[in-house]
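In this document, chain identifiers A, B, C and D correspond to the written order of the chains, with residue numbering beginning at 1 in each.
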Amino acid sequence: MFWLLAQLLVAGLAIGAIYALIAIGFSLLWQGAQTVNFAQGDFVSLPAFAILGFTALGLPLWLAIPAALAVAVLVLGLLFKRVLVQPMLHHGVLQLAIATMALSIFLENVLKDTGGAEAYPFPGLTGGFNLGALFLDWQSLTVLAVTVVTVSALNAFLSRTRTGRAMQATAQNPSVARLLGIDVERMIMLTFVINAVLVTLAAVLISPVYLVKFDNGGQIGLTAFSAAIVGGFNQVRGAVVGGLLLGVVETFAATYGPDQYRTAVPMVLLILFVLFRPHGLLGRREERRV
Amino acid sequence: MTPAGPTPGTPVLEARDLHRSFGGVRAVNGISFSVAPGEILGVIGPNGSGKSTLFNCLLGQLPPSAGQVLLDGEDVTGMTPAALNRRGVSRTFQLLQVFPQLSVRENLILAGQEHVGSRLGRLFGRPDAGLTAAAERMLHLFRLEALADLLAGGLSYGQQKLLDAAMAFMAGPRLVLLDEPAGGVNLTLLGAFRERLRAMNQEAGSTFVVIEHNMDFVMSLCTRVICIAEGQIIADGSPQAVRENPQVIEAYLGH
Amino acid sequence: MSRSRPGPSPYALALPALALAAIGLATTAPKAMAQDLQIAIPAELTGSGASVGVLWRDGAEMAIDELNAKGGILGHKLTYTVYDTQTNPSVSRAVIQKALDGHPYAVLGPVYSGSVMVDEPLTQKAGITEIMGGVADNLTAAGDPTIFRTTAAQSQVLMPAVIYMKDTLHAKRVAMIWVNDDYGIGGHKAMQADLKKAGLQLVVDDSAEAGQISFAPDILKIRAAHPDAIFVYLHEEENARLMKGLKQQGIKSPIMGGTVTDQQTIKLAGGAAEGALSIGGMDISAPVPAVAAFHKRFLARFHVEPDHNALQAYMAVWMIKAGTEKMGKADAKGLAAALHGMTITPDKQPGILFPMHILANGDIDNGSLLTTVKGGQQVVLKVIPPAQ
Amino acid sequence: MMRGRPGALLATALAGILAVGLLSFVLEPYGVYLLSLWAVYTVAAIGLNLTLGYAGQISLAQATFVGVGAYATALLMPHGWPFGATLALAGGLCFGLGLLFGFPALRVQGHYLAFVTLALTTLAFLVMRNEAWLTGGVQGIAHIARPVPFTSGRAFLMLCLLVLTLVTVATWWLLRSPWGRAFIALRENPIRAASLGVDVRGYTLLSFAIGAALGGVCGSLYAPLVQYVEPSPFALALSLSLLLMVVVGGSGSFLGPYVGALVAVLLPEWLRFMQDYYLVVYAMVVMLLLAVCPDGLVGLAGRMLDRQRRGHPAEPADGGKA
């Protein structure tokens, strides 16, 4: 039975790592621009479709990915920030959140109308090796490795570089940041760009397993959303821990719990955390407005 | 709504050895005082001396780390602001706190409605909870008649300040805590404002506690003044005596 | 802001008037020319059923165009209106009402059983024939005389699969995984009973969600149980996710299932679908030249691979033609009665690509197919003829 | 408590309902059905507007309450319960559930409440789907009879409009009462409200529970209108679409839900000529609307009226200093 537990742990971590990448972007957008992005799941679908589109045009995969990354940065970073978030932000968090719900409908239907309603396969790694009774597949190992590298790089960027620290200052208190001479607008824009990069990475990692379909974003978004809250909606490290935890708990619950209720697991975790630990596993308490 | 009247001589408000710290900072560090019925007590002190924290502890906004708050001799420590208010304690805020989307009259009715009848009764009763007359009187007292139907958000700063104070008096409170009522109010309005407060104190027999920076205002309004520095009371007495207290002068200058 | 209050302005009156006019405009149903036969096509064009509904619509559209090109039905041209149910029963009820307001000759669709459940009473009341794409058993169980299928119901093809697993695969212990929606739950119920009847043991009984991301728990459950056969009753995408994982984990038990040999599953699963087996109704995989020709025409027109939904909608149009010609006149209310008990063959109706027999409750019996995947292609192992 | 003159708002709403009733006589059954759908969704949107627009609490659980109301009605009517009783029970049940779920959920406020209610809706969907012994699962409950004598499409619309009228008057009364004032107070400034004796938690809970109860009433009309109940209509999508109705109409405005529901029910109809692209256009329209008039269509209309009035030289442009 030990191999089974280990196997489940690996599977849970592999899927949780992808949740984590998406959840980090979620948290960053909330921290940096008070944007609760209900379209985050669909943000993963867009670069996936773009990669397939570029390969269909004859580009090799190693060129299609950076091309899709450029599209994501342009559309999900710059355009999203300029066209939707910027004009909506002063209307309030709620209005903006609802606008992202509409954006989700928009993206899914644009993808359906241009890319088609059916699912598409996506190139990935096959095979793996045995470690005793434990089978380790290259795809999962790659996901874990890429996530570790990405999160470390992001953490180093945020804490070690001048720009990263300026970004954090902006997220914590934009008006103080402005006084310190930080170009707040640029920092917020950078947040959106980082989110675009993260969702593109997530798209490359999850699509070989999950395939590419116009409405795949709903499930991904909801789970990543829960991961962000469980980990602490306002922390990068929190989102990572939240994502991994959710992946593992979900995997074990679906194996040993009532499988008809497997999708309940992230939701139950979410409720428990909001009620008993609203600042999440690693998050800081949000200041109450007076 | 006030429970059975206090025995004569019982202070309206009493603080017993209040403490409140934030992390390692002792914002309020053992403050005790009492306020007699009808008194207008001024609370002065340099910035950061703990006045606002004291207010928040007295009003249930912050739980004190230690000590007691007594209202008419009854322990009300840890009671919610809403519950305290229903016992006759009301307050004004340092920063503007009116309801911008309600009209001036609606703001006043709101300030009084939770003191009238039961909650269910209010649902089925009159829309104004029978408070229109009281609101008109308050509008008159604070010279806000002409603005009654405007949204409070459209008022000037001084007008909102008046409204804020008027709201504090709507429910006929026994005790009113005013947090920098004079701040930002222009000089012409200020005199009238002071007269209003004095009149409320005499007519209704309300007791006031006033935090204020404007020394002239404090000296001309208050019957007694305490000065706080570094979380402790350093002077307590008549306005004149406190003003001349060397420790007080030291606290202000040394800051 | 509440300030001066004059009486209502012309604007204030114009706005509601405009709104009312808009309601009137939006809610009028299209009317057909007197001699044309109006076909209403409610389908799942948006929402979770979109991948199914779009192909359904395309199949019907293609058949209607081809039929009109050949002179229509008894000299009548066919016109059609497409309605989007948004895969939502309350919208489905709305659009079927709109369709019926236009007095259609027949209704083709929808596919999802929830949508069929709401509009079936309305078409029945109107006496209009409804040929739908659902496979759930209960859809034809209520005794509605105007409802028809175009393919076999779920339970019609499950027993043959159980028998195959028992007799040919020599399976005793079967693992089943099914998708937790109307398709999968219907199949699960029927399968449980059929396995019991055949004396097979269900060692894993696992439900999956439509759109489920990770199949690792399911795969490991199956791996731990060492079943003799795995019965997979999922949609194409979930088939692919599961089968890729099964292959990766080195699980060699034979896979049998509902849509595991479909072209879409093969495309998505890559090599992992190799060797999978399926017994299903006669449809797009039928080894018939006419079906291959349909496949080619469809691909040329829509640049999308047709599936069984496209084929069913295509054949449904020709069912209408056959029924109408049997009556000898275009009588919308008589169409259903004419269709019951009919056997339609390709030699008389070239658009009916293989023989079909319509049962009294509106079910179809046109035989079934045993298929497998070989070299990345769906291959027919055996044609099981209709009972008739 | 209500922007604009309260009496005029009530009169406008009632006139609208009456106009819809009259309009139904020139429409075909499809139009009548759509109007019924409008009336039914408006009831739920009014409830959400109380919770969200007036009391400032973001709830994504409204779909669940609609579902509970629909299932309660679908399950009880065959047992001989009169429609009025199921309607009252659905409302009462959802009020109780609102209190039950709201009590812990309102420990947290603002966007956290949105998260909890989102999760709640997802869980409720799973229960409706999985507990087939009670709900019929995915096969649902079919052939729900409409209450006599409201069996025809038009008669049932009249019943819907009657319920909507009652809900309109009750909501109007509520908002004019001190409760409505307290709701707005806790949306705008809960701390100040508390200092004025407003029981913030109590009123927040009430606003949530009353909103839930109206969701239940909506569901109770939905079941006999569609005559078929299954879980998928009560998934998160309905909560989002009700939220859109409230915000597009004008969150916190009395007439907002009526207008928002009208747009939500009719816009897809107007855009049907766009065929496959209509949801794309629909989403774009919604985003544009949110960006251009965040106070919704009613707010936009109000501003247009204001501007037009200011054009009249005879009237004072402004009552006081702004």
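Criterion: a residue touches a chain if its C-beta (ideal position, glycine included) is under 8 Å from a C-beta of that chain, and two chains touch if they have at least 3 such contacts.
Small disclaimer: the values here were computed from a predicted structure and weren't measured.
Enquirer: Taking all protein C-alpha atoms shown, work out their mean, then name the chain whose own C-alpha mean is nearest to it.
Expert: Taking the mean of all protein C-alpha atoms as reference, the closest chain is D.
Enquirer: So which one's got more C-beta contacts, A-C or C-D?
Expert: Answer to which pair has more contacts is C-D.
Enquirer: With chain centres defined as C-alpha means, what is the inter-centre distance between subunit C and subunit D in Å?
Expert: So the centre of subunit C lies 35 Å away from the centre of subunit D.
Enquirer: How many angstrom lie between the centres of subunit B and subunit D, each centre taken as the mean Cα position?
Expert: Centres of subunit B and subunit D (C-alpha means) sit 41 Å apart.
Enquirer: Once you find the CA centre of subunit A and the CA centre of subunit B, what distance in Å lies between them?
Expert: Roughly 49 Å separates the two chain centres.
Enquirer: If I count partner chains per residue in subunit D, which residues reach a count of at least 2?
Expert: In subunit D, residues 3, 129-130, 191, 276, 279, 319 touch at least two other chains, as defined above.
Enquirer: Could you tell me which residues belong to subunit B and also touch two or more other chains?
Expert: 149-150, 154, in rising order.
Enquirer: Among all residues of subunit C, which ones touch two or more of the remaining chains?
Expert: 1-3, 46, 54, 180 - these are the residues of subunit C that touch more than one other chain.
Enquirer: Under the stated contact criterion, what part of subunit D meets subunit A in this complex?
Expert: Going through subunit D, the ones touching subunit A are 52, 58, 104-105, 107-108, 110-112, 114-116, 118-120, 122-123, 126, 129-130, 191, 240, 243-244, 247, 251, 276-277, 279-280, 282-284, 286-287, 290-291, 294.
Enquirer: Report the residues of subunit B in contact with subunit D in the complex, numbered from low to high.
Expert: By the definition above, subunit B touches subunit D via 59, 61, 80-82, 85-86, 90-91, 93, 97-102, 106, 109-111, 113-115, 119, 122-125, 127, 129, 146-147, 149-150, 154-156, 167, 171.
Enquirer: Any idea which subunit A residues touch subunit D in the complex?
Expert: 36, 84, 87-88, 91-95, 97-99, 101-103, 105-106, 109-110, 112-113, 222, 225-226, 229, 260-261, 263-264, 267-268, 270-271, 274-275, 278, 290
Enquirer: Mind pulling up the subunit C residues that touch subunit D in the complex?
Expert: For subunit C paired with subunit D, touching residues are 1-6, 9, 11-12, 15-16, 19-20, 22-29, 45-46, 54, 82, 84, 86-90, 93-94, 97-98, 100-101, 113-114, 117-118, 121, 136, 138, 142, 180-182, 185-186.
Enquirer: Which of the residues in subunit D end up touching subunit B in this complex?
Expert: Interface residues on the subunit D side: 1, 3, 174, 176-179, 181-182, 184-185, 188-189, 191-200, 202, 252, 319-322.
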